[in-house]
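By letter and in written order, the chains are A, B, C and D; residue numbering begins at 1 in each of them.
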Amino acid sequence: MIHRYQPTKYYHTYGPNPPALHIKPGDIIITSTVDAGGYDHEGNQITPEMRQSNPDTVYSPSNPLTGPFHVEGAEPGDTLTVEIQRITLTRPTAWSRNASNFGGLTEEAPGRRLLYNDPIPSQRYEWSLDRENNTATTTLPGSKQKNPVIPLHPFIGSIGVAPRYGRVEMSLTPGEYGGNMDFPGVSEGSTLHLPVSWRGALLVFGDVHAAQGDGELCGVALETSAEIQLKLDLIKEQIEWPRVINDDWIMVAGSSRPLMEAYKIAHVEMVKWLTTEYGYDKWDALQLLSQVGRCKIANTVDPNYTVVAKFPRKYLPQ
Amino acid sequence: MIHRYQPTKYYHTYGPNPPALHIKPGDIIITSTVDAGGYDHEGNQITPEMRQSNPDTVYSPSNPLTGPFHVEGAEPGDTLTVEIQRITLTRPTAWSRNASNFGGLTEEAPGRRLLYNDPIPSQRYEWSLDRENNTATTTLPGSKQKNPVIPLHPFIGSIGVAPRYGRVEMSLTPGEYGGNMDFPGVSEGSTLHLPVSWRGALLVFGDVHAAQGDGELCGVALETSAEIQLKLDLIKEQIEWPRVINDDWIMVAGSSRPLMEAYKIAHVEMVKWLTTEYGYDKWDALQLLSQVGRCKIANTVDPNYTVVAKFPRKYLPQ
Amino acid sequence: MIHRYQPTKYYHTYGPNPPALHIKPGDIIITSTVDAGGYDHEGNQITPEMRQSNPDTVYSPSNPLTGPFHVEGAEPGDTLTVEIQRITLTRPTAWSRNASNFGGLTEEAPGRRLLYNDPIPSQRYEWSLDRENNTATTTLPGSKQKNPVIPLHPFIGSIGVAPRYGRVEMSLTPGEYGGNMDFPGVSEGSTLHLPVSWRGALLVFGDVHAAQGDGELCGVALETSAEIQLKLDLIKEQIEWPRVINDDWIMVAGSSRPLMEAYKIAHVEMVKWLTTEYGYDKWDALQLLSQVGRCKIANTVDPNYTVVAKFPRKYLPQ
Amino acid sequence: MIHRYQPTKYYHTYGPNPPALHIKPGDIIITSTVDAGGYDHEGNQITPEMRQSNPDTVYSPSNPLTGPFHVEGAEPGDTLTVEIQRITLTRPTAWSRNASNFGGLTEEAPGRRLLYNDPIPSQRYEWSLDRENNTATTTLPGSKQKNPVIPLHPFIGSIGVAPRYGRVEMSLTPGEYGGNMDFPGVSEGSTLHLPVSWRGALLVFGDVHAAQGDGELCGVALETSAEIQLKLDLIKEQIEWPRVINDDWIMVAGSSRPLMEAYKIAHVEMVKWLTTEYGYDKWDALQLLSQVGRCKIANTVDPNYTVVAKFPRKYLPQ
């Protein structure tokens, strides 16, 4: 069954919020997301009333999330599978910015300043999206190289279920429930597995990026709106951390701080996965992963950093 | 001019050791390296007398290095360029191992134990190299998947000049001088740039890997012997950290601990490079790098970790 | 003017919540706090209705906070001073526990497991408080040393204003606004300075500890209820991070991850303080602080870690 | 038996160097140390010929070490005990400095720059020592507070045995063998325990500090020369990390990077110590240590950082 859902309100938290829709395992959702700043396909910003949390903050919180979607029969200990069937960008522009108090080159404290010197100048970049040719370009005002044309690679920056350890109040935070992983592998054709901690799973998502480099260095990608088609289903088995599967790779996303901790989580989970599902001995898995594994730093800017361990599917049994 | 050099002794330090050979800028060296354990193309281990440092240690130190090569005219503040013209594997085997007290899943203290539980079992893996078909395979004794066939990608694991801050006594350590970066990008067809700190530069190298995953998770790659052909030259300009250039990318390797520090070093240096050489404004460079940059974790096991920032050459001026 | 306030509801967030009381600068508050688990002076737990946030979480959130107290005239950019005139423990017991998924010996990911082995056994410890003799004791069930008698040192574990970067939804988190710093220096006779970010400052506090070691290693101190008397005032100057002053020391509390970042924040702020207020040259301040400074690790268990830089008052001008 | 030894050469490495003296367990050594820069009690610097390592470095390596002392009967797996009977400062001056590329406020890469801005100005401070009154003073050239008078607390900055994992070539590095821990607790009246890894233990020491703040923030303490009297003995049991015992505390020094790792090592070892020697149950030990433990950051500047876990002796069985 296909559900079309037009959001009229958005959440900024991962948690047990009232469901927007109840669906059955195997159902498909077609819906839309606004960008990280709350701008929709016409460039209009959602109103404060549409934001379902932090109504009294003085600033506009980031990453409004569409949902939650309650999947019938999903129980704590299950795994929610999210097949990403389609991500269609719904406007011809995206924005990005360098931020004075954000990004992977600042210190890591709340507020993320540069501890010893002048802040990075805040500067907004408007990117034009050529959806026909799958490219984007912008003007670099201070540079001789004015208009780089870069490839589009749309993906869902923030997607997660209600977390095990209670509500996570900032949609900026990734964790064992998914969340703001900012991982480009969460794109059309991939399937994401998330550990269910609340009845109904309560999936939310948003923050589509039209393109992004590894680590999201300056803290902001090409932020834009999208229409998204997902097929949700359940596996009656338990996983610990988000998994992503595409044609070529199986992947685990670990999110924590410091960065090395996220690296360890992802790789320990990958060894477990190879051992429990694919017939590898634990220590053989470590050896083979050490020789053929690839590793992505997804983000170094969020309250937790995300590192992805990748293992080629060609070494899995058929 | 082409120099053929057959090493009779090996160093385990980066530093101002007596040169094995004096060459001129533009000259080519053809020489050989033994593997990380000191085994040559016939599988014979070098003798203790051939090791030029730590003669009184009870164990065999890792990563014997061929050289040093003294480049005439190289002065502190210059940049040494190393064109990697050829890496030929010289035997049909490589070895690897899981190590009880090593690798990216252990704690990070000296000795690298698992702090709370039983150590990872030490286990050696013999890999057969099919140099015709450019593949390797091994037996995974505990697994149902017995014999994975993986692609070869030979590269130089350890390569560096005499360092700025004095001798680095363990060839296992990477730093601003290069060293044991364990970065697969240092392969045939790439050119490595290193900052010269001592008269003559004093290049040493060894520790060729036939293949390796990102991060070198278990701490050991496919260790083997090789014949290597390098062309050395000088640029009369100063760089701060190793740079690697190949057909598609310009890259900077930062080495430090914790892991996030290596990430920052590599990206700060890349922003500087784009600014000083390629006409980008500093903050435009940060924005574009954030959207098109790629990032590699080269190693998480050495005394310093290595992270590589990558920028596509197609966005550079011709 | 002295205000007596008996709380009927508690918050679990630092943020712009509706004030419990409006007071004037120079006024004194006498009020009570429940313990980290929500237990009051009679050992009764507060009801779910009394908790003002996260009503739909399945677990009892930690660290209920008394307040907020709105200080008239407090504007963003001001400094709130909190003179801690009295902390009276209001029951003869405290509890603590070792927690399976918490504390400074676990990995640092959300949920804080031990990554490679069996979790720390969860175990509760009941501590008896001898308020006459200022000591506490408990039974150590597995040990030959059964009943250690330890000194009491009551302090406020969680105390903060509404934060600069929006609401912080977990009262477990410390930051530039104060919060759950778990710093034993916030005790009777000390004065705490906090940076005001919202009109009225909106001070909340709770989570009194009867005693605690450095770092709060297992994640839980001697948790108990208290009556607290505070005098609040304003300084029309801006500070960046919490400061604590007592008879012997001036102190700065930095909170972040990784631990080294908290250390740097605290010490950079201390150098600034010595420079701007006490006539020290910046680099002289660095030198003197390096020789006479003391440093405390307050906590290694919260979402941010807290490190305190201390400078002896005897080296300040009179 | 008492041995008086006047050093004529100094080492800059921890490792299996030729012994300066063979002694028996229970013997006493009276000898002298030069300061971190190699200056003796008359202010004369040792000659390059007296330095037993790195003869070809262009700079003067830090922390020349007196010794090694070979203790008869010391075997790998034993514990060397070092009773610090006396530390007498042998000249009326000490020096310190702020260093451009060193210290706890710089980035953590080799060379330790400030990544984003101008370096800390290098500046030398001459401290006068009043050994009668046990104080020191210096001139702070840029400050209104000109001449702080601070207390002396002499201790041995660098002291270690030959390490388990081979030679450590920089006397600046602390580890499981002791080394440059820069821990003020290694002072007169304390006993240091070190794990023996080589026959004879091969103790070296030097780098006495007349005073130092926690963490050695700027990277340099009050560096001076000393006469030292030590009593060495053996325990036929194995320890993993350095332990220090004084009248009030038992202490463990963990050295690693990142800082949190050093914290964990020290505390895990302390829990083990309380369990194996003092009759505590493992988890009871964790609970009690969490409530009464104290923790010191000894250094944040060396290639490994050192954190010390402290447990009060009054809770140990008599």
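Just so it is clear, a residue touches a chain if its C-beta (ideal position, glycine included) is under 8 Å from a C-beta of that chain, and two chains touch if they have at least 3 such contacts.
Computed from a predicted structure; not experimentally measured.
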Quiz item: Which chain is most remote from chain D in terms of Cα centres?
Solution: A
Quiz item: Which chain pair is joined by more contacting C-beta pairs, C-D or B-D?
Solution: C-D
Quiz prompt | Mean-CA-position distance for chain C and chain B (Å) | solution = 47
Quiz prompt | Geometric centre distance via CA averages, chain D-chain C, whole Å | solution = 33
Quiz item: Residue numbers in chain D touching 2 or more other chains?
Solution: 105, 108, 116, 258, 260, 264, 268
Practice problem: Note which residues of chain B are touching chain A in the complex, please. | Solution: 96-98, 103-105, 108, 120-121, 123, 125, 138, 140-145, 148, 150, 211-222, 258-260, 263-264, 267-268, 278-297, 300, 305, 307, 315-317
Exercise. Under the touch definition given earlier, write down the residues of chain D that touch chain B in their complex.
Key: 13, 15-16, 54, 56-59, 61, 107-111, 115-116, 163-170, 175-176, 198, 254-258, 261-262, 264-265, 268, 303-304
